[in-house]
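The same chain A turns up in both complexes below, where it pairs with chain B and then with chain C.
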Partner chain A sequence: MSDARDPTEFDPIVPNTGEEYEPLEVFPESGSFDLRPGADSCYKCSTCDTNCPVAEVDDDFPGPKFQGPEQWRLKQTDDDYVIDSSISECSNCLRCDTSCPSGVNLAQMHNTARGEYVENQVPKFSVKYIRNRILANYRTSAYFASMLPRTANFFMNFGPVRWAMEKVLHVPSEREFPEFATQTFRQWWAERGGAKVHSDEKRIAYFHGCYSNYNTPQVAKALVRIYEYFGYEVMVPEQKCSGTPMFANGMLDDARRHAETNVESLTAAIEDGADIVASCTSCSMALRNEYPELFDIDGIDDLAAHTYDAVEYLRIHTDVRQELEQAEVSGELAEEFAYHAPCHARSQGLERQAIELFRNLDGVEIEDVGDSCSGISGTYGWKSEKYEKSMEIGSEMFEHMEDSGGTTGMTECPTCASQMEHGTGYDIRHPLELIEAALID
Partner chain B sequence: MASTPHVLVIGGGSTGIGIARDLAMRDLDVTLVEQGNLTHGTTGRMHGLLHSGGRYAVSDQASAKECIQENRVLRDIASHCVEMTGGMFVKRPEDTEEYFEKKLEGCRECGIPAEVISGEEARKREPHLAKDIDKAIAVPDGAIDPFRLVVANAASAEQHGARIETHSPVTDLLIEDGEVVGVEVKHKSGPGIRVHGTEGGTEEIRADYVVNASGAWAGQIGEMADVDIEVRPSKGVMTIMNIRQVDTVINRCRPKGDADIVVPHETTAILGTTDEEVEDPEDYPEEQWEVDLMIDTLKELVPMLEEARTIRSFWGVRPLYEPPDVGSEDPTDITRDFFLLDHEERDDLPGMTSIVGGKFTTYRLMAEKISDHVCEQFDIERECRTADEPLPGSEDFSVLRDYMEEFGLRSPIGRRSVERLGSRADEVLKTNEPNPVICECEGVTRAEVQDAIKQSGSDLNAVRIRTRASMGNCQGGMCVHRLASELHDTSVDGDTFDEAIAREAWDELLQERWKGQRHALWGEQLSQAMLNYALHATTQNRDNDPADGEPVDFAAFDAGGDHVGDASGTDVAADGGETDGY
Partner chain C sequence: MAIESDVLVIGGGLAGLSSAISAAREGADVRLVTYKQSTLRQASGLIDVLGYTPDGDGPLTDPYEGIDALPEDHPYRIVGVDTVRDAMSMFDEVVDTYQGGHTDTNALLPTYGGTVKPTARYPDGASAGLASDDRDLLLVGFEAMPDFDAPHVAAHLRAAGVPFDVRGVTIQFPGELMDDAKVTRYAKLLENNGPVTVRGRERGARDALVERINPELEDEPRVGLPAVLGDDDAAGVRAALEAELGVDVFEVPATPPSMPGVRLEDRLFEALDEAGGNFESGNPVVSFDGQDRVETVYVDKQDARIPFSADQYVLATGGLVGKGVESDRERVYEPIFDCYVPHPEDRYDWFDEAVFGEHPFAGFGVDPDPELRPLDAGGSPEFQNLRAAGSVLGGYDFAAEKSGSGVSIATGYHAGRIAAQEAQ
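Now for the complex of A and B:
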């Protein structure tokens, strides 16, 4: 059967926060957090700092050890203690969280610090706040853009418009906006009449997120076809943004509002016997890790326990690897792929899944371009003041991609994909697209 | 007799230093000698509670009244040493209603502001309190940093002309014609600001009057003049938690008992304590059950303590005293009041008074009374000004600054630095030199460390008590070598600290840090100790000191090969090694 270890057995070190410690219930009325107990697990070893891609390129950035356990321990709960502004330089890649050998919950610390910083210290009428709010609420922009996708595609990359956006909103004109699909995934799904396969035993609910709905429906369609190929009934429940760009911009209220819808609709699907799969690794990470760390919503732990990355789930529950070993790819996707593992896939332990899956697939080559961060970190690279830093972080990945055999890239993360494309001009594909090409087309 | 009397004070704890400041401010000539660092004795080994008086409101109302009075004075004159956290006496279901009422009544009788709050309100203020707390009495307890307070008193005394000699134990009392006329001290390391490695020899310091404020050591000083001072030293353990589980002082509302207080102190919380009589204030057992008792008992008030990280434990010895005719069996029954023993009246030995008993919160009041007594000996009538004049660092200041704009410091680091330095912040932190963080746990920068070295010389323990460097969760694992590096080549008053001096100070501080951690070697702090050990062994050769006190011949190391990797990377393999072809 599966060649992946059952991830449910994975038992990370639980931070020592005390039996009675419930960070979200600590100050329910003031809405503030006390994460000081999390600092008990830190031994100051600096492994987090050495894994931080921002600290590597920015000498002024004090690094995750400071942002996390040190800042929380030095801070006190009274309002006079403020969060240091350097939290806004953190790209939210969460490599620190993954690398900590002693279970310090750096993701929770950074997300909470960022939330507190934005809530209390950033003026709500500042250009950066407004820009960040727009970037964080990509789903809203995408929703409107997809109503007139061709017009949107023209204007979003139209020189004078981009010049104005750079001047007014500090959105770097170097970046190309992603194209909006002329038909969203959900429109396609409705037109198709929903699921083609019905099953009481094998059922998944697809969390497509915003990107594969509005921008890359081909990935979402591939997912549907693959799961149906393996006999699964696919459900596409109501959903909003997973919240990742909101966490990354400290917009925790926005994130909570979206999370409430997601938790309600996805837990209903779980009650119908489905597991949740996502094709974007940042979405799956949000549902699995950030939700229970930041919000206290009924069913949120249940949702976290039932959520998987789409490829991971296939590796656990189907014979996808064996089938791929027998398969051959020809045509458009018979390529040499330069594969980049997104940081958020890494933090779920998934950084080798594409390599392991495709290295014996006839007709394609796949090469891992290394463990560096792409530098985009969602909305991070979409800010003028971060653009250079973002490209510097990504330079190692670009270099390794240039050195690889082909001119096609592969990754699970849509924003990493846009960075890969931006830095190299390569065409970037999702692993699901290749599985579809190998097994179905 | 000289026109200005010269008074010698023995003991650099809160009492002695308070007396030195008071007398110096009354224009007397003052010399203070201390066997170790300032705060070497009991002062440096207390839980840092600024009493509201609530703890004594039932058993000892005279002390309670003094406490609330001095509590108000210290908030004013020592604002940079005090954090007004507030405090609570919490009642668990098994604690009696009767005692709760007595406590409340007692507070009111003593003029201590006291407010009864519900268990729910108590948990709202302190979310980590146990869920079954019935109710609590809120009182104005606070936290006070004894190190900072004593250092500020010493600085003030010196500004008023006093001479302060640390690391100078008294080896004998000078007695001529049946009168104490001075002391003989042994300078462990040279007169003036401490310098390591220079034996200073002995010095006879003659004085017109001697004040023995050596606390638990008072009996030993008395023996030098064959007078009997029945100090009954009593030990108490204190356990330091890595973080503050509570932000207000939590007292258990029940009659005397062990392990009944949690004091938030800077970044940490201190659990206390026990009360057990010992023979020798310098040699007594430190036992694990005492530490276990702290956690096991106090988790009834704050359950998360059971799982939380402790970073060290230490024991203090109370210098308790009671007149020989009282004869209490249990040290907890001995009064916390202080006694002035005029040896002329008591033992027919003029020239010396001993001060015994008392407590930290009322140190200033005690010093005032002793200073009055000393002045009486010389028929001097000068007003005590210590209750009105702020200590250096406690002049008007605000901690709310733009730390990055003003000092180039990240906000919690700037905040902590300004809190510690008080009104001296600008003087110390506004520097043109690079100012990196030296101690990351406590947010101590190089400028603050250099300022402390300027004050205390080559003693890194003295730097520690001034700055809190090495007092955080790694207990010096990541910063002691940096502190030693700051010491090296620094000059103070013409003395330049060479490698051997820096190395000795480094060794001493590591030893001191290790001493307390031995009582916290489980869970996280054990892992920390192992990491510290591995780092120090592999990067500093601390598992096998090569220098043995001798300077290292750095010139004997070669400068490395001529070859450096070429930027194009052509001769360097991708794994960082050299290519085969090279």
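Now for the complex of A and C:
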């Protein structure tokens, strides 16, 4: 036994990529996360590659197996190795992560490689870097826009402004900018006087994220009303961006800064007896999965263990499924929904919960439009050089939506929603809005 | 509280899907949870029932006849030959894109390795490739896809004594695909007749491929290609190629990752959806509550434990390769419920010294009662409401017998049906 671990302690049941596995030093100390166990678990079956929506349409993209385990190995054996620029073509959908039969942490490998690439190889004064940084920090733009929402709505979709954005920042003028609400969710919450239900036993803290605060407060309000209907006390702690768009753009320092605030304020809510729920599946994914994979912040594991998707939490703790089977929807939401499961919902095992909950709900129809990726992947489809690719990836979903019965879409992810709307012209709703319509309205 | 259903199936491979579909067709509220994506992505797409006896005799003409001669503890003997037949009928009903159900006789199909394999069901797309068909054939491989080396496969088939002339040629796939372009890339280009650049001109990939195959054809009435002919609409891709080439076109069943496996996975999940079943993937079942009965199982999402409870459970987590059976230096065990896995005490008795010898580990798995409930060391069911299906079961060597798919379908069907009946 020279340089390897004692094999009698080796426990192959648990995907051996967690912190518990500590190989003796074989490769030099790097100060960053040790990704070797993941690289060693990869046996090159290429299942990840068959799941990659980018490799399916892009002839230059070498696929997740290369980006993750192989690139990591190349780095270990060649001191001069620089991260391949193709890492910036990865859309961070994380499908590879869900597919790996060996539990290789491809998402973590991709995020660290991308962070390193942006840090060391992308000039900080390049247009791309500046554009990506603006896109990644959506919360900042949204914060300013929400001060004058009507003006912002006008200018963000005003032809000449968008022409200039395309020319200067390479933001595709084809895309419609999401509308800013005239009253943010937090303003509504404050005006309402906070929680209407108080309980020591049943308490959740809501991570609303940026989008349902600034753009779709109706989703956030639906969440509050549903949880209060089931007797929960809702807390709305201080929070910043979950970091998803920052991981996807390799801006790990920005993401960490926001994560520090979130971890501090959400762990305080956990100490007050709350579990954390999010209505955006990329936000819950970030808190659950990416935080502990990428950062070492006090309480971060505790936060991951207490975070749930808002609908998932209702499925575990309430009779929502039985109540919906008895309920009926009429009015505006009595529709046929074309449901798309976001990739980040898929990796949390939530890809079918909307179908399950609504398939027996009177007054509505729901159809799963299949397992293709919507193609937008957050900020990915907001870059001129990736717009066409994003639409090509999405084409399968658009076709399936058009083949479905109605003209209303449904998804949990705000950027998937904007892609669905962009590709089909459908109105897109969140499952929480339908639960609200069924049980409360 | 917990997320509830009548029947909870753990595992998303062929056994898990078969049990979930059979339970849902019995009217139970079914949920399937799978740690990762279905392992069908790594399967050839062929459905074997029994190709060889445990002594290596074969290929067998009729797999059902061979079942009687199997040892008593073989899963086929435990569920009985009639159940195997019923299970295959269910498969034929839900997967309408497969052939072979018209006869009890095994079909013989060429593989990527150039061997000829006995199998009970095969995808429509492979049917023009039958080795029992005496028409001459041309195999066409692509340069950048070394898994399928057409001249080598042709030479092997000739050596195997197939009753026809076979040639293999390697051509360049049109367009400048990278050397390790994914099977999904080929499939998508062919399905959409997507644009590729050929000598500076933009062409449809399918049209350009036809032009490259045409000059290679002599008078063979059938052409075999790597299994990348489309994804959602494989039949359409094949029909278009056949119309242009004027010959029958087939796919040779593939090595992983495999488009025929992906298509079968898609079809079976659709069938589960149509039968009203629910499913989710991405996270493992790691623990449970219960003594005589399994009360609740826990799915691990990062560190959050998500509780799922059901009246009846089916364990379809796979064998030693699929991680449904594990081993360390001390013992062989089933990792979720710690069901008893019979095995010799000395680990040097777990394997044979010859690489291709008769390895005892190939038959490791839980030992079930006639209802497929895993038994403890004393011969009593470990739990009243837990049944096992597929390669988590012991007593057979699917690789040697060519029985993997059939055992998964038969035991899955049996376990799912009993679970649904018990739950009602």
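Convention: the second predicted complex is superposed on the first by the 403 of 441 C-alpha atoms of A that agree within 3 Å, B and C clash if a C-alpha of one lies under 4 Å from a C-alpha of the other, contacts with A are read in each partner's own complex, and residues count from 1 in each chain.
The criterion applied here is as follows: contacts are C-beta pairs under 8 Å (C-beta built on N, C-alpha and C of every residue); 3 or more make two chains touch, one makes a residue touch a chain.
Computed from a predicted model, the values in this text were never measured in an experiment.
Enquirer: So, does A:430 touch the first partner chain B, the second partner chain C, both, or neither?
Expert: neither
Enquirer: May I ask you to decide whether A:36 touches chain B, chain C, both, or neither, giving the answer as first, second, both or neither?
Expert: The answer is first: A:36 touches chain B but not chain C.
Enquirer: Please work out whether A:139 is in contact with chain B alone, chain C alone, both, or neither, and reply first, second, both or neither.
Expert: Touch status of A:139: no partner.
Enquirer: Is chain A touched at more residues by chain B or by chain C?
Expert: Between chain B and chain C, the winner on chain A residue contacts is C.
Enquirer: Tell me the contact category for A:208 with respect to chain B and chain C: first, second, both or neither.
Expert: Neither partner.
Enquirer: Who does A:356 touch here: chain B (first), chain C (second), both, or neither?
Expert: A:356 sits against chain C, while chain B stays out of touch.
Enquirer: Would you check which partner chain A:99 touches, where first means chain B only, second means chain C only, and both and neither mean what they say?
Expert: second
Enquirer: In the overlay, answer first, second, both or neither for which of chain B and chain C A:340 touches.
Expert: So A:340 meets neither chain B nor chain C here.
Enquirer: So, does A:62 touch the first partner chain B, the second partner chain C, both, or neither?
Expert: Once the two structures are laid over each other on A, A:62 reaches both partners.
Enquirer: Is A:45 contacted by the first partner chain B, the second partner chain C, both or neither?
Expert: It touches chain B and chain C both.
Enquirer: Chain A residues touched by both chain B and chain C?
Expert: Comparing the two interfaces on chain A, one with chain B and one with chain C, the shared residues are 45, 62.
Enquirer: Chain B touches which residues of chain A in the complex?
Expert: Answer in residue numbers: 16-21, 25-27, 29, 34, 36-37, 39-45, 62, 65-66, 70-71, 73-78, 80-86, 102.
Enquirer: Any idea which chain A residues touch chain C in the complex?
Expert: Residue positions touching the partner: 7-8, 10-13, 15, 45-47, 49-52, 55-57, 59-60, 62-63, 98-101, 103, 288-289, 292, 301, 304-308, 312, 315-318, 321, 346-353, 355-356, 359, 368, 371, 396.
Enquirer: Can you tell me which positions in chain C touch chain A when the two form their complex?
Expert: Going by the criterion above, the answer is residues 1-4, 33, 36-37, 39, 41-42, 175-178, 180-185, 188, 232, 256-257, 262, 266, 273, 276, 278-284, 299, 301-304, 306-307, 322-323, 326, 328-329, 335.
Enquirer: In the complex of these two chains, what residues of chain B are touching chain A?
Expert: 124, 127-128, 242-245, 247, 267, 303-309, 399-400, 404, 410-413, 415-416, 440-443, 472-474, 477-478, 523-524, 527-528, 531
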